[in-house]
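Think of it as A, B and C in the order they're written, each chain with its own count starting at 1.
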Amino acid sequence: MTVLALEMYRSLPRHVAGRVLGSRLPGSFSGFVAPLRLVTRDEPDVRPGWARLRTRLSGICGSDLGALSGQTSLYFSALVSMPFVPGHEVVAELLDDCADLSAGTRVVVDPVLTCTARDVEPCPACLAGRTNHCERITVGHLRPGLQTGYCADTGGGWGQRFRAHRSQLHPVPDDLPDEQAVLIEPTACAVHTALRAQAAPNARVLVSGAGSVGLLTTLALRSLTTAGEITVVAKYAHQRELALLCGASEVVTPAEVLRRVRRATGAFQVRPEFGAPYLLGGVDVAIDAVGSRASLETALHATRAGGRVVLAGMPAPADLSAAWFRELEVVGAYASAQREEHGDGRGAFEIAGELARTDAVRGLAHSMARYPLYRWREALDHATGAGALGTVKVAFDPGSTR
Amino acid sequence: MRAVLKETVRDVRQVARGWRWGRRPLVPRSAEQFIAASSPTVFPTAWSRRRPARVAREAAQKGGLEPLFRSQVRTQVDGLDVLTGLTGPVIFVANHSSHLDTPLILLSLPDSWRRRTAVAAAADYFFDKWWRAVGSAIVFNAFPIDRRGGAMAATPGEVLDEGWSLVIYPEGTRTHDGWTGRFQTGAAYLAVQHQVPVVPIGLRGTFAAMPRGQNWPGRGRRQLTIRYGAPLYPGPGESARAFAPRVRAAVGALLDEERSTWWEARRRAASGSTPDPAGPPVASWRRVWAQTAPVEVDGRRRAWQD
Amino acid sequence: MSRPGFVLEVDDRTPPLLVHEGEGFRLEQFPLGTRVVYPPESMPAVPDVDATIRNALLHPVDADPLPSQLRPGMRLTIAFDDLSLPLPPMRAPDIRQRIIEAVLTLAADAGVDDVQLIAANALHRRMTDAELRHIVGERVFRSFHPQGLLYNHDAEDHDNLLHVGLTDKGEDVEINRRAAESDLLVYVNINLVAMDGGHKSVPIGLASYKSLRHHHNARTMVASHSFMDHNRSHLHHSAWRMGRLLAEHLNVFQIETTLNNDVFGAPYGFLQRREWEWSLRDQASVLAVRRGLAVAPARLRHRMFHDLRSVYGVTGINAGEVEAVHERTIATVHRQQLVEVDGQSDVLVMGIPFLGPYNVNSTMNPILATCMGLGYYFNSYRGRPVVRQGGAVILYHPLAPQFNQLHHPSYVDFYEEILPESTDPVVIEEKYERQFATDPWYIHLYRTSHAYHGVHPFYMWYWAAHAMDHVRDVIWVGADRRAAQRLGFRAASTLSDALEMASATVGPSPSITYLHNPPHLIADVR
């Protein structure tokens, strides 16, 4: 039996075109530049410990768009195997029995392909439960791939079928709708980010960006930490409402952020020659939840000396002078771990499962846009302009035909 | 670019309408008392009676004014024979109800008379801007008189002394309803002072064709009539004050004749029952109504009625 | 002979009337019956300014002649109004330059060595050297500035402030220490509008925040009817109390000057001519300027207006004791600006020009535009406001939310942070004034850069408090909708739309009055 899937393939011209055009004409890559195609593939076969899954809903993540438009650093090219089916935010249904889970169970997938899934000797990180730190992501019986959705062998959420290892699966309670369940994976990442921020009690936090990453991180910060004021930078009006719902203390526009932080913290603003102004003083923790140069620099420039900057989005190259001069702790926050170091010992997915029931996540899920696979160009276009179109998350519904 | 052009057109149109381009500027009523009295500047017109200007005037009147005038209105001229035997200069005195009056008079005169006739024109109206002044002087041989001060400036007498005939409208302004208004004594005073005859003129139809406020004759080539009357000479020792009513009566009789026949008008004049050219004291609409009736010229008019 | 001001009634003969709106103007056809208040034409200037100055210094009012007050070894301080006066700035030589030169000549003759010149800019921004030089002139600047003897008053330099005492109402009087400890303080003022001068000069121009907060607040401003009439202004009452206290400690020699209404020289003369008297040339200029502005880039447009220098004529100079001098000054100002207006109307229309006191060589942001319209112009009345209680005000200004970061850093924060929370002057004052007044960064910028003090935008808002309290509806024609909304007002694209919007408040056929300024006018409402 063959199934439909969207496949990303290697194409130098498209990659270059995407790199050149992607940032200037964001609409162009959904039209002709994206190295993506709708194909029929053979249904995956199954190894022991693995199971086939039928995708119910799979989100489009910012990192997916980055990869398709060639914006992603070539650093990651060694960690993926082409051609692959993207889609790592998935809620799916088991087609086979898998260890203790019976066929038909609804699950969400922790996409990290760890030593366990690759059936190799566990690395120290995996042993400690820090599964996102796994060092064996290129070896084992699977071709290289840091996650489901970047590996040629597993398939991904943007196809009708894919496969996953038992260690990746987290069952979803029956009463949780798909739209909320599909947000569990990004929420888990947000939980990880929030815990990485290690905000001290009453710390002042700046979240730069109010897409799904920024909003969910705000929610996680408010729920899991004792941070004080949380300032969220939001470009669009609907994001403002959602940010407040997620627990932001104040929401500002990108143009206002530096001045607002300055006013609130009593910092001094200085302006370098030929450059944008920055602060001496500022917030305790800043989180870049966009992954653009502007957003990262905002975070670096609005953080007090000795503060912490968390990279929640895949970072763009930026001026790191402030990190050196202000001795900032710049920390990454990638995916999530099965045992969160700075949390209460639970896995990020477990915590995320609880957060997925909150009003805030319900609010985010409410505006979700769903597309069948064959309308992928529209879907990508929508996802690229999601903020302006009043959407937080765009998802594929491979089972649907319209 | 298109928007800029469009706005430009809108702006120009707004200013053109707001400031009445091509027409008299108006002052808001409540601001009238704050308008500074402008001191009348005497516009020199001596040049306009010299040879180069006379040549230009001939060309303007014969080549421009006359064809244009004839294309817009029809005219009937009566009583020109009164000029035979006169050598000039004379003072032509007419009722005044339209800007058509002056071209009608000038173009009805024989060329030899026309070339030696100047028109007294209101300084504040025809001579307020240099371009208007030059235009008036060249085309109509106009010279400025001050109608506000009451006393006439020195110029008309000088012009008369130079041997020019004058056209003077003793009413001082165009009538509002086509009927004749009060005559000021200026023309009579000049005639007495310089001992020149006054030739009365009755004009009809000009009010209907182009009244005050209109700046082009109405459509359909309206009929205008002009009737010259016998010259009046101021009697020996007759004062301007006594002479002026006679001039007005003569104009009135001509207008009466225009409406009936020469004989009837003569008889009414003899019995002193010539209708007042000021018109009947009736509602203003009836006065305008009467004056805007089309002028009928059937060519069968005679001295004696059948 | 200059003609008096008068009230025009728009009739069918009235051409469209000129209305200022920021860096531009429009021609507006007002509804029939609209009353338009025109300021008096310029009074004749004094023929010999230098002789007038000399006369004022030698024959002062209620004071000894200046030469007799000067002696060797004394401390002489000359304070002068900053660049917020006059508007637009005066074509050189500035009248302050000529007076200061005359005073310094006398001081040099008398052998006075210790002389300092202080710009009385209170919480206004520090002036640049060029701006200072324009006011005092090249000669004075060269003689005093390099030595540090000509400088801007610094209201945050606590070592150089002196707390003189408390008034009987408990108001702090704290002014510049050098000025307060001088043997003679000469103040050179320009009395452009009726609110200037008198005890507003020294007790306010040289004061600190601690002293200013007693009268620069919402409560005082709402109770001042209006602040253009010092007899009925609580602001001025407070300043007068402070001035009388100061008079006990300090010898002030006040020199006040009055200017005529020659605001716009060639080629912008049409801006102050009455429209129906516009010559063809004026009409062509209007069209040319309007079209030019439409296609000019913003920067050029800004230059066109802000490079404009006025050709003011001096109508009078009075010197001597503050209150006696001010009485004479105000009489001259009233002669030049007062127009009798018969009764209030439902709607007041005003066009906000490109310039207010606080955006000389800068940008008029929405807060300044509000202050200009609802503050200065609205309060340009004597007796009663031109608009009735509960009426509507219609203003013309684009309200572009653009701020000069150098001059108005705290305005941006006020606009972005405070106004969305509240637009009520009282609430704003209570919740936020202190934060802004004590923000170290604003203080730093005020003292070292060219920024208005952090608390200044609050004062702008208080300035408009009386108007906001008095009228029900404020509508801006041609304004940025979001900016208008942020300020708590509404925007309309045309006058008809604005009247339509106001009809809910004032009915379908309201009486309308349009204040045709600049040039400056004061409506004397009977």
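The definition used in the following text is that a contact is a pair of C-beta atoms (placed from the backbone, for glycine too) under 8 Å apart; a residue touches a chain by one contact, two chains touch by 3 or more.
Since this is a predicted model, take the numbers as computed values, not measurements.
Distance from chain A peaks, on a Cα-centroid basis, for B.
Among the chain pairings, B-C comes first (most C-beta pairs in contact).
If you average the Cα atoms of chain A and of chain B, the two centres end up 93 Å apart.
Separating the centre of chain A from that of chain C, both taken as means of CA atoms, is a distance of 56 Å. With centres taken as mean Cα positions, chain C sits 58 Å from chain B. For chain C in complex with chain B, the residues that touch the partner chain are 3-4, 6-11, 13-16, 27, 29, 274-278, 283, 286-287, 290-291, 294-295. For chain B in complex with chain C, the residues that touch the partner chain are 4, 7-8, 11-12, 14-15, 18-19, 25-31, 34-36. Across the complex, chain A meets chain C through its residues 252, 256, 259-260, 262-263, 266-269. Residues 409, 412-413, 416-417, 435, 439-441, 444 of chain C are the ones that touch chain A when the two sit in their complex.
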